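Paired with chain B in one complex and with chain C in the other, chain A is shared by the two complexes that follow.
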Partner chain A sequence: MKELFPAKQVMGFVFSLILTAVALLVYFMDMSFELGMTVLLVTAFIQAGLQLVVFMHAGESEDKAAIYTNVYYGLFIALVTIFGTLLCMIWGYI
Partner chain B sequence: MDFFDRFAIPHPSPAIYASMVAIGLTMIAVLAGLTYFKKWGYLWREWLTTVDHKRIGIMYLISALLMLFRGGVDAIMLRAQLATPDAKLLDAQHYNEIFSTHGVVMILFMAMPFIMALMNFVVPLQIGARDVAFPRLNALSFWLFFMGAMLFNISFVIGGSPDAGWTSYFPLAGNEFSESVGTNYYMIAIQIAGIGTLMTGINFMTTILKMRAPGMTLMKMPMFTWSSLVANVIIVFAFPVLTVALAMGTMDRLFGTNFFTTDNGGMDMLWANLFWVWGHPEVYILILPAFGIYSEIISTFARRNLYGYKSMVFSMVIIAGYSFLVWAHHFFTMGQGALTNSIFSITTMAIAVPTGVKIFNWLFTLWKGKIEITTPMLYAILFIPLFTIGGVTGVMLAMSAADYQYHNTMFLVAHFHNVIIPGVVFAMLAGLTYYWPKMFGFMLNEKLGKWAAWLLSIGFLLAFMPMYITGLDGQARRMYTYSESTGYGPLNMVSFIGALIMAVGFAVIVYNIYYSIRYASRDISADPWDARTLEWATHTPVPEYNFAVVPQVNSIEAYWDSKKKGQVLFKDKYEKIHMPNSSGVPFIMGCIFFAWGFSFVFGLWVPLILTTIGIFVCMALRSFEKDHGHYISVEEVEETETKLRGAK
Partner chain C sequence: MKIDNSLPLEYSTEENRLKILGFWIFLGAEIMLFGTLFASYFTLVDRTAGGPDGAEIFKITPVLIETIVLLTSSFTIGLAIHAMRLGKKKAMLAFLGVTLLLGAGFLGVEIYEFVHYVHEGAGIQTSAFTSILLTTLGTHGAHVTLGFFWGLFILLQVKKRGLTPETANKSFIFSLYWHFLDVVWIFIFSFIYLKGMM
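Moving on, here comes the complex of A and B:
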């Protein structure tokens, strides 16, 4: 019975519901803009990772290495683009 | 008639009216010719509906050559206008339109399809595959690119050309300063072609990662395949930024949003930022496959294996990473502080290191090689010194403090032409000559080919070296004229002469194609250059299924080792071969996209909604279609193989 019960998926589903609930708090509670955005960004990234690993089976095929390399490379470029843009347009701008 | 007023040219001239007539007559001639020679069925069956990567490659090639002609004519007009002080050949508006379209056409509709052409034709053959991973997606990529290019090209006869430069910076490109639909054309045509390119990126990444012949590990892939893999990875990660930026620009122009406007919280320089987040990786998308072509050619004609295979691969991977870290060097003068500029300065200079590694590897490959100067090799050997000059001036531009002097001058123009012409264009022409026998079954004339290479090189030096000097003297780019007292006149005249010599060079290439079609021997082997990689191991012309038996690879230069060391490539017996079916949907979808883009440009909302529905209907049909491809039987394979062997 234990082999048949998809424990990982059920846990993942519960966890993704919790993440959604936490994200909803931003709407219902009176948070500052900074705190709200932080909560949204953190829950969004965890949610995306969860979906990719648990429900889209990123690590379960022989292409595991290629898939994760792509994900990490994409993450790297996204962060570089965002922080580089902030550096150019706001922080470093005189 | 009010409705039709919007299609009028806002700034007409006799030359544009003449072009309209010429375009009309050419279209009538093409349609009449197809009907007269009864070629409609042939065109539809063999080309418009094909999903064969080799034919798609050839269609990319033809488009690239046509666009090279168009961009080249633009270039000659620009140089003719600047050849003498206070010239009246073009007025300011026409000059703006011509340099804008020259840039877009040359980068996106000439260099990109040229690379796609070689990649499509060569990569599946080089890895021993029978087609790409998603053949129908590949056809759709081509048709989206083609329709995007055509949409962009009709702009100068319907509604007006874009005139805000190929970079289309806001606020100049906004509605306030660019009132005609020209910039709408820019946004939408590039969007359509860009979606096609993004799909190619996904397609070739998958093909190279998943469809290599047995035994071909990543570190046993030929260098051109490696360079294509890296370039496609960059495409997949860079093009989405362009897609988003163009969508925001389109919304600013058509729906009154304020992403890039100067008021209501808009940020005009954000466009420049996003454009170059895509734009700088884009130049590496162009140059890396070119490097791959040179690597193949240099090792073939130096009769040596490529020196430093691993360092070649690592330098490309490092370049791919760095290419995303340098974009702000395109706008050092925009107003960031010293810290930001220094960071981007350093990353930019660092990118010269892996590039230098590649240059030295080519030199070491040539060292003690038995060099044979064929046309492709001549291009490769001319490339090394000419490109290095461009690289060195690039490092000069990378110094942000000094860049305040160079920014927006002819020095910059000279620099990027100096890397793109010897780097990309020479590589594509070398690749064209090198792979021509595989594509068409005969070789291009060597003597004419070498004439063209020398004419292009000499013309290139005459055209662009003077610009370094006038640039340092302060001649700004994109100025349509200058006074005699500036003293730029004589050097600009030299540039014009150089441009004319380059035009002669291109004419020689065209004549060479004509001459070789008529007179070249068809009796050539499948491996006329005595080359080293798998694409030469199959027959010429390449059969539909590429390889009757999937090759087994156990070294970097599998085909060379099979010729010299007796390794056996084809071990198995013939089996039936599974191939994809042709489909008309990609072409039809491309046509719908063209109508969609045209409606979007002019804000014709009803046709826009209808064509949008049409696009989704095409996609839905594909989802529900059951298409399992077809099999080529063993008898048929045997028959084809016997025939092709007999032809040798």
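Moving on, here comes the complex of A and C:
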């Protein structure tokens, strides 16, 4: 039975629950918008990285470099889209 | 077909390895898809046209249930792949079954939430905010629905054919998809729900 629950994945799961609890602080505590967004950005991106490395085994095969390059490229385009849109639709008019 | 027995089953042929790489490339495109949805959401979030805003319609309880359920299902699909690599078909099927049940539970809560939104007067045509909110949540929910049936068919196939290089490869690729949906949910949870209720 024990071999079915590898320590690495159990720890990963516990850590992801802790990150969720930390993110929830922005709801239960009175925080400024800037502080709250910082907490959310940090917890969300750590959580995403955790899933990628611990659960998705992104680095285990010989295609590691291609897989990471592709993920970073997708992420780069997504972030440019999001912040570029914010810049020209919202922030540019304040 | 050259089979390399030193590798896990799902990587044992070159075709299998390339299918996994190909699926990662698809996931890269999915990151960009959800990126565009988030870009639209952040642009339109304040355009409520006299209708309700996020703080009025979001409720923490269903959101928390969805988050915990999806995080747990991401954990159990990881355990399913681990059991598969140990060659334990029964344990693998059990974990996959639990994953699918949790997925169905997630969808149940999400459907309840959508009904609640419509009752609160936040239908898809109410305002720019509700349109992009329901489009973003709905795109994720549609992915989970697709994943539920995909996983169900894989479960049946593994049950019938056992763990072969082919079924192991399909199961592994399905696990990548499921973990990815959990990652997207984390961003929805943080930047739609928690940000809206902050």
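Definition applied: the second predicted complex is superposed on the first by the 83 of 94 C-alpha atoms of A that agree within 3 Å, B and C clash if a C-alpha of one lies under 4 Å from a C-alpha of the other, contacts with A are read in each partner's own complex, and residues count from 1 in each chain.
One rule holds in what follows: contacts are C-beta pairs under 8 Å (C-beta built on N, C-alpha and C of every residue); 3 or more make two chains touch, one makes a residue touch a chain.
Worth saying up front: this structure is predicted, and the values here are computed from it rather than measured.
Undergrad: Check the residue A:M31 against both partner chains and state whether it touches chain B (first), chain C (second), both, or neither.
TA: second
Undergrad: Classify the contacts of A:G74 with the two partner chains as first (chain B alone), second (chain C alone), both, or neither.
TA: Touch partners of A:G74: chain B and chain C.
Undergrad: In the superposed arrangement, does A:L87 touch chain B (first), chain C (second), both or neither?
TA: A:L87 contacts chain B only, not chain C.
Undergrad: Which chain makes contact with more of the residues of chain A, chain B or else chain C?
TA: It is C that touches the greater number of chain A residues.
Undergrad: Is A:V53 touching the first partner chain B, the second partner chain C, both, or neither of them?
TA: neither
Undergrad: Of the partners chain B and chain C, which touch A:E3 in the superposed model: first, second, both, neither?
TA: Second partner only, chain C.
Undergrad: Mind sorting out which residues of chain A both chain B and chain C touch, each in its own complex?
TA: 63, 66, 73-74, 77, 81, 84-85, 89
Undergrad: Per the contact definition, I'd like the list of chain A residues that touch chain B in the complex.
TA: 63, 66, 73-74, 77, 80-81, 84-85, 87-89, 91-94
Undergrad: What does chain B use to touch chain A in their complex?
TA: 209-210, 233, 237, 241, 267, 269-270, 273-274, 277, 324-325, 327-328, 331, 334-337, 339-341, 343
Undergrad: Considering the complex alone, what residue numbers of chain A touch chain C?
TA: Chain A reaches chain C through residues 3-6, 9, 12-13, 16-17, 20, 23-24, 26-27, 31, 33, 36-37, 40-41, 43-44, 47-48, 51-52, 54-56, 58, 61-63, 66-67, 70-71, 73-75, 77-79, 81-82, 84-86, 89-90.
Undergrad: Spell out the part of chain C that touches chain A in their complex, as residue ranges.
TA: 11, 17, 20-21, 24-25, 27-32, 34-36, 38-40, 42-43, 60, 64, 67-68, 71-72, 74-75, 77-79, 82-83, 86, 88, 91, 175-176, 179-180, 182-183, 186-187, 189-191, 194-195, 197-198
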